[in-house]
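Presented sequentially are two complexes of subunit A, the first with subunit B as partner and the second with subunit C.
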Partner chain A sequence: MATHAISIGDAEYQEVRSHRLLGFLFFLISDTIIFSSFIFSYLYDRSASAVWPPLGIERPGLYLAAVNSIVLFGSGVTMHLAMEAWRHANRSRFAGFMIATIVLGVGFLSGQAYEYTHLHDTWWGSVFGASFFTLTGLHGFHVFIGVIFLITVLLQTRRGVYDQSRYFGLTAATLYWHFVDVIWVALFFLFYVY
Partner chain B sequence: MTISELQREASHAHIHPPPQGFVSRYVISFDHKVIAVQYFITSGLFFVLAGLLAEMIRAQLMQPHNTLLSAQTFSEAYSVHGSAMVWLVIIPVLTGGFGNLAMPLMIGARDVAFPWLNMFSFWLFPPAGILVFLSFLYGAPQAGWTEYPPVSLHTPGTALWCAGIFLIGVSSTITGINFMVTIIKMRAPGMTWTRMPLFVWATLVTAFLSAIATANLSAALAALFIEKIFHVPFYDPANGGSPVLWQHVFWFYSHPAVYIMILPAFGIVSEVLPTFVRRPIFGYRAIAYSSVAIGLVSFMVWAHHMFTSGLAQWVQLPFMILTMAVGIPTGIKIFSWVATLWRGRIRLSTPLLFVIGFLSCFTFGGITGVMLASVPADIHEHATYFVIAHLHYVLFGGSIFGIFAGLYYWWPKMTGRLLDERLGKIHFWVMFLAFNATFLPMHWLGLLGMQRRVAFYDNQFEGTNLLPMVAHTNVFVSISAFVLGLSMLIFAYNALRSATRGQVAGPNPWGARTLEWMTSSPPPYYNFAEIPLVLHGPYDYGKPLPYANISQDLATEPVD
Partner chain C sequence: MTGAILLRILAGAGALVVAFFALKALYEEWPKSALEDQVTKIMMALLTLGCAIVFTVAIGMAGRI
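Moving on, here comes the complex of A and B:
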């Protein structure tokens, strides 16, 4: 992909870029559907139950989740600043904000791991727990993939794969990271607040 | 746009050299035409296996209390038969097979947008099928192709089944995204939306449904898999889960999937008809836009599969009305096709015979579908052979007849040789008669109350007074089913024979006007030496061909 992108002309690059962008957007839409399906299941269980969360289950702690959310949204801000730096051709500032984003992403995952290990075992036996673990687990997996994605594109910029006019891999990583952020807003609201 | 403007738009499209070596050409191939053949061969093998399961089912049902199969084996046989026919035969053949074979050629492209993903998507398919059939070793699913919990949670093979269907679902989603981008972005210069061949319209809507609905199936399967392995409650009422929830998420995918299985067949019909009737298709826009309408409505009708699951009445009513409303866009299509036949110069060659078989059987199945949409009727008929008859009229009479129409039609494009017409016609008539003899009596059996999905039945269903000429209805049905299975051998012989003795086809044996016929058969690796320019719609029979940049020996007016 990388060598190919450099060897072709500008017009063909623009065409290839537009294909990849559209394909990536369709991928994000179908990914949204996967999350929506689980969210539907959660809301279905919720509407079928007289008390929510079900008897014997307590909501997970809001405090840790709030801190974790700030970490994740902060990584969205640093991601945005990294892209701004890239557009202004400031490579060192770009690398700094990318590393900050990666660190914040890993911080979020650590917070989630801490939360999982401190929840009660009986959770696995309830519909609340089933939806909670599946949805936040799926989201955590997305964050994990996102961190790998960010590390990969950062290393690629070091190797000179992208230049000022051709950086679709970077754009895709940014879109993906913001997408994962937005999904978290819905999950936070559902599990900790609503 | 003028031709010179179109030419400028077409200028930056390179020809890449074809790969060398057996593996990169035929195994890990990025070429959409080779991938299409890979889909056909793989699905063909699964079709034989799933067909044999169907024959086992019918062998068991020859007598009311047959001891040929145990009740458990019988349940396993129909569950895997249904799963395999839906996910391993009809969906892959219509999307991965015909979509890959015809769509890029029809829009004048060199390949799909993401050839690597196309290769990847295919290679998820054989392991998926193997997983589904491997489940027999562990105790295959017994809850039918719909795998309703809690029954599905009590068979060990469910986990393998979930994994297999999940893989095919991912493959389907990737192919859907790939095809959408290809059709939206890579049409030849001048091919506006309303100049697209109707098969491409059908493939576009199908790709949308595959990408959106199948993602939802993946989520449902993942939840079922997690519940099966880790005993986390989603669907099992014993643990506080809800089996009706599974029905909702399953059918939210599987009803659109019904249209994934029929829309491409509609597309094939819309291509074959004008070619063999030698006149423009009637109602081009009506057919194109009704596909879009069907695609959208398909997301709003899923609960009609659940009328016996205890839904509230205010939920049932809108689903009943919307389901019946699907008959409107479908009816628009049927009338447009019949109007195309009206006063046409009909050449009754094999592809058209299969299309006419499609029209009659599918219309019949559509009408029983409207009957089943009615809540009171459905409650009576839901668990009976009436439903089996209905769905086979739609999926066999519709999809499989459409698939064979497409195979006979595009075989020369795929292989360069024609299938034998006489054998093709014999195949059609044997298949058509055996199909109706198999499934028509099931309507009676169902209305009389014969239960589906049970290995045994009451003695009263051995023969029915409604069919006086057939004393033993179930024996008659089973024998017809065996003949139906054997009719596939005629096609297999015809296909093998064409490799050596088939007539060389030439680029355009049918005198068709869509772009896939404007290149050699089989097409070169790069499809078109120059990207063609499109000046008009594809179905104006009797007028000069609407293309520029086509090599001159192909661009002559097709012979009649």
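Moving on, here comes the complex of A and C:
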């Protein structure tokens, strides 16, 4: 059965958009709660241990993670610039910054994959390893979904799904990507700095 | 130059560049009042905080090896 887009007026669109935005923000808040649960679990384990990480467990590489963090934070800036380019109707600049964001996101995932393959600890080897792989793995999964989200939105803009006044998918993708960036600030601090 | 020093230089320089653009974005977003703009302000402020943390790591002030 063929489906057809329903044409609605600007006032109705704004109302629907505000509901979608609120729903999406609730989704981000619920995702924050999931990460917070794991983070508090990690902090509890850490506070219960006299030595952290446990004896014989090696901390992951600090400077590689610092560079990888900047790659992800940089992608947050390029995503913001892509959104601004869209608002100013500069399509070529928008596409350029979107591609840059996708490349930086893939770069971050590659850095994480490199880190995983060079760590001596495992998911099941220690409490530290379990927490590290669970939290960074969950975050990496979010980045992976985010990259797919961005590619989808980029393809949708090419197909003319959005225009200058109706682009909620793009707004959602931007908010999601910023969320993924900000979660990494907390994880980087927890596992590499604190 | 060892790999660690190269990574520290990359991280430090990158943190300064990204923090500059994040603060610029925050400044430009500041007068806007829509809900998504408010969220973007919070995200940009936290992104700047992240850059500050990475910078302190790069200059050797913070971080555990």
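Everything below uses one rule, namely that the second predicted complex is superposed on the first by the 185 of 194 C-alpha atoms of A that agree within 3 Å, B and C clash if a C-alpha of one lies under 4 Å from a C-alpha of the other, contacts with A are read in each partner's own complex, and residues count from 1 in each chain.
Keep in mind that, in the parts below, a contact is a pair of C-beta atoms (placed from the backbone, for glycine too) under 8 Å apart; a residue touches a chain by one contact, two chains touch by 3 or more.
Just so we're clear, the structure is a prediction, and the values are computed from it rather than from any experiment.
When the two complexes are overlaid on their common chain A, residue A:Val193 makes contact with subunit C while staying clear of subunit B. Using the contact criterion defined above for the overlaid structures, shared-chain residue A:Val185 touches subunit C, although it does not reach subunit B.
In the superposed model, A:Val77 lies in contact with subunit C only, and not with subunit B.
In the superposed pair of complexes, A:Ser69 makes contact with subunit C only, with no contact to subunit B.
Using the contact criterion defined above for the overlaid structures, shared-chain residue A:Tyr116 touches neither subunit B nor subunit C, since it reaches no partner.
Look at A:Ala130: by the touch rule set out above, it reaches subunit B but stays clear of subunit C.
Residues 18, 22 of subunit A contact both subunit B in one complex and subunit C in the other. Put simply, subunit C touches subunit A in their complex at residues 4, 7-8, 10-11, 14-15, 17-18, 21-22, 25, 28, 35-36, 39-40, 43-44, 46-47, 49-51, 53-54, 56-58, 62-65. Per the touch definition, subunit B reaches subunit A in the complex via residues 12, 14, 113-114, 173, 176-178, 180-181, 184-186, 211-216, 218-220, 222-223, 226-227, 230-234, 239-242, 245, 248-249, 252. Those residues of subunit A that touch subunit B in the shared complex are 9, 11-12, 15, 18-19, 22-23, 26-27, 29-31, 33-34, 36-38, 40-41, 44-45, 48, 54, 124-127, 129-130, 133-134. Residues 18, 21-22, 25, 59, 62-64, 66-67, 69-71, 73-74, 76-77, 80-81, 84, 171, 174-175, 178-179, 181-182, 184-185, 188-189, 192-193 of subunit A are the ones that touch subunit C when the two sit in their complex.
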